[in-house]
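Naming follows writing order (A, B and C), and every chain is counted from residue 1.
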Amino acid sequence: MNQVIQPAQLQQLIEAALFTSEQPLSMQDLQSGVLAGLNISKNKLQAILTQLQQDYAGRGVQLVETASGFHFQSRPELSDYLARLWPERSPRYSRAVMETLALIAYRQPITRGEIEDIRGVSVSSQIMRTLVDRNWVKVVGHKEVPGRPGLYATTAEFLDYFGLKNLSQLPQLTELRPVSDAELNTVEMTGDTSS
Amino acid sequence: MNQVIQPAQLQQLIEAALFTSEQPLSMQDLQSGVLAGLNISKNKLQAILTQLQQDYAGRGVQLVETASGFHFQSRPELSDYLARLWPERSPRYSRAVMETLALIAYRQPITRGEIEDIRGVSVSSQIMRTLVDRNWVKVVGHKEVPGRPGLYATTAEFLDYFGLKNLSQLPQLTELRPVSDAELNTVEMTGDTSS
Amino acid sequence: MSEPLVAEPLTIQQPLPLAFVRGEAVLERPEDLYIPPDAMEVLLDAFEGPLDFLLYLIRKHKFEIVDLPVNEITQQYMEYIELMQEMNFELAAEYLVMAAMLAEIKSRLLLPKHREHEDEESDPRAELIRRLQAYEVFRQAATDLDQLPRQERDFFHGHAQLPADFQPMIILPEVALEDMVLALKDIMKRANDFQHHHVKREQMSTRERMSRILSLLQQRDYLRFEECFDTSEGKEGVVVSFLAILELSKEKLIVLTQVEMYAPIHLKVALGADG
């Protein structure tokens, strides 16, 4: 069925959907959900989203696009004020958790054993559970070696949480200083963990 | 401690607090929470809230004040569209509903009392409402017996749903599967028209 | 082991205490080897394992990783480890494995070199350097990741409520025709006297026609007799309509009226029924 909606109401509808949804909404989500039957082209939808981003440019919340779609979030400059309202909402993570997360993010898919090889210490089950429970990482397969360890990768929620659209937006890894010392000849630093 | 905040940022802050809070925020909540230490008078705060209400007058969400405070809410006229974002699956129909529907389909027009006679149990109003709300059955008249019970029949929507042109396309019971001897003994399926 | 160190966030804007010893913040890592016994254990907890600890020792002496001064580093590392063991601290196994590796590298460096083995794999430090560098890259990556603006710390999800009278869309259950037929069969199995309610194709269409006529009479007070027939349905259709009218009349659901002979016949709902 095709319905008709006024242009002004169409923008209101998309705006309201993005504000009332708990999850970010992709263009696909919008077209198959709240816009179903309204026959709104992708170009038209894109134009409205761009318009909304402009409308909110100077406001307290902004329309941003991350991995799973569009959602409104508060301006980062306001975080000092807002964070004190909900101190309990902002958990802190230990270095062990962050290093493990970084390894999964940059080297995925990766086994727990491979993470341990690079970090030089064992990775507790507690750490892995923290990341899995947080929906930041998940097992995406198993490595065909004895024990068939799980291969971990990051999720769309991880990207959303850190405000990223995709993994290529992660900060660049630091360049390894080339080894020029003659004594050492060349030491290949590809970051290959096989050893 | 007293801090200083730019007027533009102050409005952004209040706006963001209202959007990011899980609960409605009263003026008191705002002053003791996100605005603590900023020394914002009640008048000033009221003026900003009024300004925000005006800013959002034509948008998809609006700033409304309820007993517990201010919060943003989607425009009521968008609810029908937004409802598609969170569809709820209702449970499967009970056996009683299916039997009632079957009797109406095959024995229409039929009263609720006649359905009860055949099923041997009472038929709740809820069951009839389920079928009427679904637009599958309707009252097409009243039987001239005491109480003038409604006569139920199936609708065109019923036929459409099941892909039938007319009721004569309803499967005949004997066509569905071979009837065992035992069943034949107890259930006569031949065409005696007495009723 | 004593209480685990409270995990510190990786914020680097301001110097964070390295550790807390009896409530006192230890801001600087100790410059010399003397470390108060209490601090020693806490200090080691502040490191994410032997690689982290080795990187600390290398940086403290402003060495480059690639220059890895094995003699000095090994000596310092061993002194820490021995000190820990003297104090009967339970050391994570990784620290002891690293101690063994350092000792092995040191001894191999002391062996005379053979020219033919002098390729890139011949330096016994190479593997350790590779691991230190790889670890340092990801240690930095973890810090960078922690600096990224993130939800619930640097920004918060903005959302609006739905109106109080909001009703979600209900997806109605799917029903297959067979479900309905099976339901009817169940009824028939239960009802021994179902013989009185026979189901038959011809009768079926008669009853459908009865419903249709009653429906029409809900919209209009009267139907002319001829309106109940559709000649395009053929003879059979006419018969079905006629039977339906007779059946409706017999069940006293409708009344047939004719003012005079040959005048039009009208159908109307039986007296007192909806009109």
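Points to keep in mind about this one:
The rule we apply is simple: a contact is a pair of C-beta atoms (placed from the backbone, for glycine too) under 8 Å apart; a residue touches a chain by one contact, two chains touch by 3 or more.
Computed from a predicted model, the values in this text were never measured in an experiment.
The chain closest to the protein's centre is C, with centres computed as averages of CA atoms. Distance from chain A peaks, on a Cα-centroid basis, for B.
Centre-to-centre, using mean CA coordinates, chain A is 35 Å away from chain B.
Measuring from the averaged C-alpha position of chain B to that of chain C gives a distance of 26 Å. Averaging C-alpha coordinates per chain places the centre of chain A 14 Å away from that of chain C. The set of chain C residues touching two or more other chains comprises 156-162. Within chain A, the positions touching two or more other chains are listed as 16, 19-21, 61, 72, 74-75, 82. Chain A makes touch with chain C in their complex at residues 16, 19-22, 61, 71-76, 79, 82-83, 86, 89-99, 101-103, 105-106, 118-122, 160-164, 170-171, 173-174, 176-177, 179-181, 183-189, 191, 193, 195.
Those residues of chain B that touch chain A in the complex are listed here as 8-9, 11-17, 19-21, 33-34, 36, 58-61, 72, 74-75, 77-78, 81-82, 84-85.
For chain C in complex with chain A, the touching residues are 7-10, 48-52, 64-67, 92, 94, 98, 118-120, 123, 125-127, 129-131, 133-162. Contact residues of chain C toward chain B in the complex are 156-163, 165-173, 175, 177-192, 194-205, 207-208, 210-211, 214-215, 217-218, 251-253, 269-274.
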